[in-house]
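The letters A, B, C and D name the chains in turn, as written, and every chain counts its residues from 1.
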Amino acid sequence: MTTEQAAGPALDVRRRLYELMTLMKAADDRLSKGIASGELQCVYWPSRGQEAIAAAVGAVLRLDDQLVTTYRGLHDLIGKGVPLVEIYGEMLGRQVGSGRGKGGTMHIAHPDSGLMMSTGIVGAGPPVAVGLAMAARRKGLDRVTVASFGDGATNTGSFHEAANMAALWDLPLVLVCQNNQYAEMTPTGHTMKIAQVADRAAGYGMPGVRVDGNDPLAVVAALEEAVERARAGAGPTLLECVTFRFRGHYFGDPMKYIPTEQMDAAIAADPLPRFRSRLLDDGVCGARELDEIETAAVSAVDEALAAVLAAPAAALDELDRDVYADPRNCPA
Amino acid sequence: MTMREALNLALDQALERDERVFLIGEDIADPGASGPTAGLSSRYGTERVLDTPISEAAIVGAAIGAAMEGFRPVAEIMIMDFIGIAADQIINHAAKMRFMTGGRTTAPITVRTQIYGGLGTGATHSQSLEAWFMHIPGLKVIVPSTPRDGKGLLTSAIFDDDPCIFLETIRLQGQRGMVPVDPGFSIPLGQADVKRAGTDVTLISYGRGVVESLGAADALARQEISAEVLDLRTLVPLDTAAIIESVHRTTRAVVVHDAVQFAGPGAEIVAILQRELFDRLSAPVERVGARFVPNPAPPALESQVYPNSEKIIAAVHRTLRWKTTREGARG
Amino acid sequence: MTTEQAAGPALDVRRRLYELMTLMKAADDRLSKGIASGELQCVYWPSRGQEAIAAAVGAVLRLDDQLVTTYRGLHDLIGKGVPLVEIYGEMLGRQVGSGRGKGGTMHIAHPDSGLMMSTGIVGAGPPVAVGLAMAARRKGLDRVTVASFGDGATNTGSFHEAANMAALWDLPLVLVCQNNQYAEMTPTGHTMKIAQVADRAAGYGMPGVRVDGNDPLAVVAALEEAVERARAGAGPTLLECVTFRFRGHYFGDPMKYIPTEQMDAAIAADPLPRFRSRLLDDGVCGARELDEIETAAVSAVDEALAAVLAAPAAALDELDRDVYADPRNCPA
Amino acid sequence: MTMREALNLALDQALERDERVFLIGEDIADPGASGPTAGLSSRYGTERVLDTPISEAAIVGAAIGAAMEGFRPVAEIMIMDFIGIAADQIINHAAKMRFMTGGRTTAPITVRTQIYGGLGTGATHSQSLEAWFMHIPGLKVIVPSTPRDGKGLLTSAIFDDDPCIFLETIRLQGQRGMVPVDPGFSIPLGQADVKRAGTDVTLISYGRGVVESLGAADALARQEISAEVLDLRTLVPLDTAAIIESVHRTTRAVVVHDAVQFAGPGAEIVAILQRELFDRLSAPVERVGARFVPNPAPPALESQVYPNSEKIIAAVHRTLRWKTTREGARG
């Protein structure tokens, strides 16, 4: 069976998925190495392991489509096309950061890439995504908004209110739940009785779909359907993508709460080597090509980091800016 | 026209003149609407005057998302006591977005909400929580006391580039006054207004407190005490210059508000005055705020809780009777 | 077919249901008349039309079972056995009220009857009911808690968080949604896409049941099952009871937003005359007996109101009490 | 022991001695717990140290329900910035329940939450919102500065008959100090503590501000300025008598806190002082609070925002340099 005949995305999309995934992984690896060694000082909620979902979102969405993500957003940001220099720059508090360094890791936005908001408040993204989707509709645009969040976020009241509104108004929104099986140190099964997050969709009157979040092609397929539906005005979808966080909740998390067998199984299901094998097996790319993609990813990351480290730290006078449109509005 | 009509006119003209404006909230569309949004959905359609589920967090969140895309959403939280439910979106997204993204995204929303009280609805339908929002950098806080100010300030809030918390007072909605109907009319945020000039003492207030202060000033005039009534109109930005100018002249001040006195907005005004006019004050600045108690439902009890003319007059007399013993300092 | 053979509650329970419903209706009628004429001053969110649900709750629950209700609680309070004098007393601000008159209509509690809380905050009752149910479990009691709320309340984040917790922990809780087809002036279909509130249950992993809320026997049957389930430790149920509010949202509501046909249909389905006919048809009670029940209800209400109107108004020194356990804790 | 250990000990002993106590919150059970709740679920079981979904409103609501039934729940809101989500339950149920039901029901919960800041986590993970809760009648607000106070005050909060908001400070969790291990040890709510005696000026603070104030007092001592450091420990009840007593002696005061200065807790202290000691004060009361800005993430910027010893010292010097021109009053 040749890949041309196989169902699923075109060859260049598959290649693109792998490029994105390797870039996400390289960006996470470099940051992790740097923080661990003391070279880099920043807070970081690692996305290693969840690349397939973010790559699929990046591959399926158009540039003018929009994404709202969370503190665990490195992969999402890269997938949506936020320049690495602006991401690292923001994490490391440099003037080249998306927020000139003052927002920090959890608060990266880059509207030019359609990355509208990262939030540090669990569950608080979907309501804002509802508003973005409303705006698209009112402007007559056929743009779609994706809200990306974790399994734990679906226990928040905020998620519920947003999901209900999105379904009610048939908004062009896709709710992408990156179910990495933990919320901080608490396994998903300890916080909800339902077997799958996708089951929540029924309570809103929208489709709920669960896919293997470590298989980028599965995510692409489900997401394409959801995005099409949203773009056609048929309303939102709750898309649950099952995956795993390799580095725990925050960088430095000792992860004592993760059973060895679970970690072993997760390693075996690591989306990166798995998708590499798949691409080789399907004859989409050769080993050399894939090696080159990986090398290019590492170089891109190194280059970005070098640029960031050469850039000046966030300016002290940032405290005088952006509290209000006009700084004179601050009380003395 | 009444305050309710003035606010309605501000919303109407904003919807009329700018496609970016829309209203979102619970029961704000016809035929259910009875407050300042009445009639507007019939005129502008339910896409622009949008009834929502009972979901305060998502109402404000959705307003924020739309505002990021250039809209000028006016979100309604029916009664201020419910604003806690939306507080997270207000303080962690709306207020901080401009700063956190270095100006790349902004959330110029207006949150209209209403201060109840005086209706017998009890402790969970009567709170004045403006002090909460003054304390959050990035928000503007607006409380009109007259129909004219209501229209002018609401217009400014809607078109202001920062997120605004706009507080209406149920007991003022029926108050009448002259209102410019010109759609171009607006009142800049951050300018206090002398509602009555005076020389002996400054009554500093906003919202319903202004009405009580004016009543007190009338009564004081009959006692040949000349009270100036300064209406702050906005708590953020705060017109510190106007406060200082007035009290510098009168050397005495009473701050009046329906919010609980303890840790309320008046505390900040006092703190500013004692710092800026330490040597100029003839007496301690007095405060007349709500008593430190959940609001009781029965009107007879509730009226004990809020400021009124008598309490203000008593406070003025305290400032006038004050005998300084300043020499005793550094004892 | 004799009633003895018919499925459903015993004769005395049916009679009891009618007694409760007539008492609820009489209490509402008298209050409404008094407010309309200016005789009585108070705020009131009328329960007229929703009596069947509250009567069923009252009939099914034990005295030691607990109930959390809302501002629209007159019927629920009566069903659970809160003395009418304490209810009217609180609404009218008298010392004989459940809170000595200072809490008001929306905030009536009477733990001796198991009526733990009335709340004026839509959706805020279920979390507190979760805590009551947790307490029962921790005390080893086989008590059940019912949270009663409206259709609109199920759109709140608070409802979602509580429902999820209750299901997760298999709590002895029944979520009774009195779907009166409106939230203030907004029809239920304008605020949710799902066809029935009961559909929300699937998102939590609990059974969702919809019944005719104007038929007390239907409510009793469904509630008995849910209560049994809860008491047995098998977890919560979402029970949707479809009904109608005859007097609109608040007393005095002009109800212009209610289509005439809908009102006509509702009147035709009024639970009171309907259940009366049913009792007659089924031979449970004779007309004279039912008339006596109705007369007794009116007398009970009149008597309670007379006692309340004779009682002193809430004392001014109530302001000094109950802010803290020790009044000296208030700032000067 | 450290503050974290002291708080852990308070929780441990409360769980040990009273079946009515239980803990509820996100990630508070082993093996995930790393804060003051670490180890407790292993000792008392996950029924008494209960991990929850991410549902702040329901966490507090559930605590309230259990408290109504006689339990003494200790609810954790992981970081204070998230408390908005639970604000409705706190202000509309916990705070008002006793009053609204005439004492028939009460909600003696303790809400533990942590003030972040100083960790580079940015504007939504660093707020000090104690002013919000001071302003709500019915709540008690507690902020310890030392491990000893932490243990003593947390014990009191848990067994107090009123709802308590107990604020921990992440930057103090590792601080060490002597702590009585006696399970009977507690510190009454509402009693300020002189952490350092002095005669020239009173530094009034709580929480992390006390540490900065003590640092400032040390430096001031080297300049032969004797600063008294008064640790309020609880903001409600507020030990007004202790504040007045100290400032009456020193005639000068600086209020210090990590909360935003504008409309912050310090404003109330100033308002009280200017009223009670108007003629006794030698200089305006100074405030050193956080700057009016969302917290920036980079440490170099963030450190500009918070009070520190230098800012406190500068404020003290301002009060000492003050030249009164009181004669000029009544102009």
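Everything that follows uses one rule, which is that a contact is a pair of C-beta atoms (placed from the backbone, for glycine too) under 8 Å apart; a residue touches a chain by one contact, two chains touch by 3 or more.
Keep in mind that what you see is a predicted model, and the values were worked out from it rather than measured.
The chain with its CA mean position farthest from that of chain B is A.
Between A-D and A-B, more C-beta contact pairs join the chains of A-B.
Here the spacing of chain A and chain D, counted between their Cα centres, is 37 Å. Rounded to whole angstrom, the centroid-to-centroid distance between chain A and chain C, based on C-alpha atoms, equals 45 Å. Inter-chain spacing, taken between the CA centroids of chain C and chain D, is 41 Å. Residue positions 52-53, 55, 57-58, 81-82, 85, 88, 92, 96, 99-100, 122-124, 137-138, 262, 292-294, 296 of chain B are each in touch with at least two other chains. Residues of chain A in contact with two or more other chains: 101-104, 107, 119-121, 155-158, 161, 164, 168, 190-192, 318, 323, 330-331. Those residues of chain D whose C-beta lies close enough to touch chain A in the complex are 26-27, 31-33, 51-55, 57-58, 81-82, 85, 119-125, 262, 291-294, 296-301, 304-305. Per the touch definition, chain A reaches chain B in the complex via residues 68, 97-104, 107-111, 116-117, 119-121, 124, 126-136, 138-139, 157-158, 161-162, 164-165, 168, 318, 321-326, 328-332. Chain B contributes residues 22, 47, 52-53, 55, 57-58, 60-71, 73, 88-89, 92-93, 96-106, 137-138, 140, 160-162, 189-190, 236-238, 240 to its touches with chain A in the complex. Only residues 155-161, 164, 167-168, 190-195, 199-206, 235 of chain A touch chain C when the two sit together in their complex. Residue ranges on chain A touching chain D, taken from their complex, read 41-43, 93, 101-107, 119-123, 152-153, 155-158, 183-186, 190-192, 256-257, 313-314, 316, 318-319, 323, 330-331.
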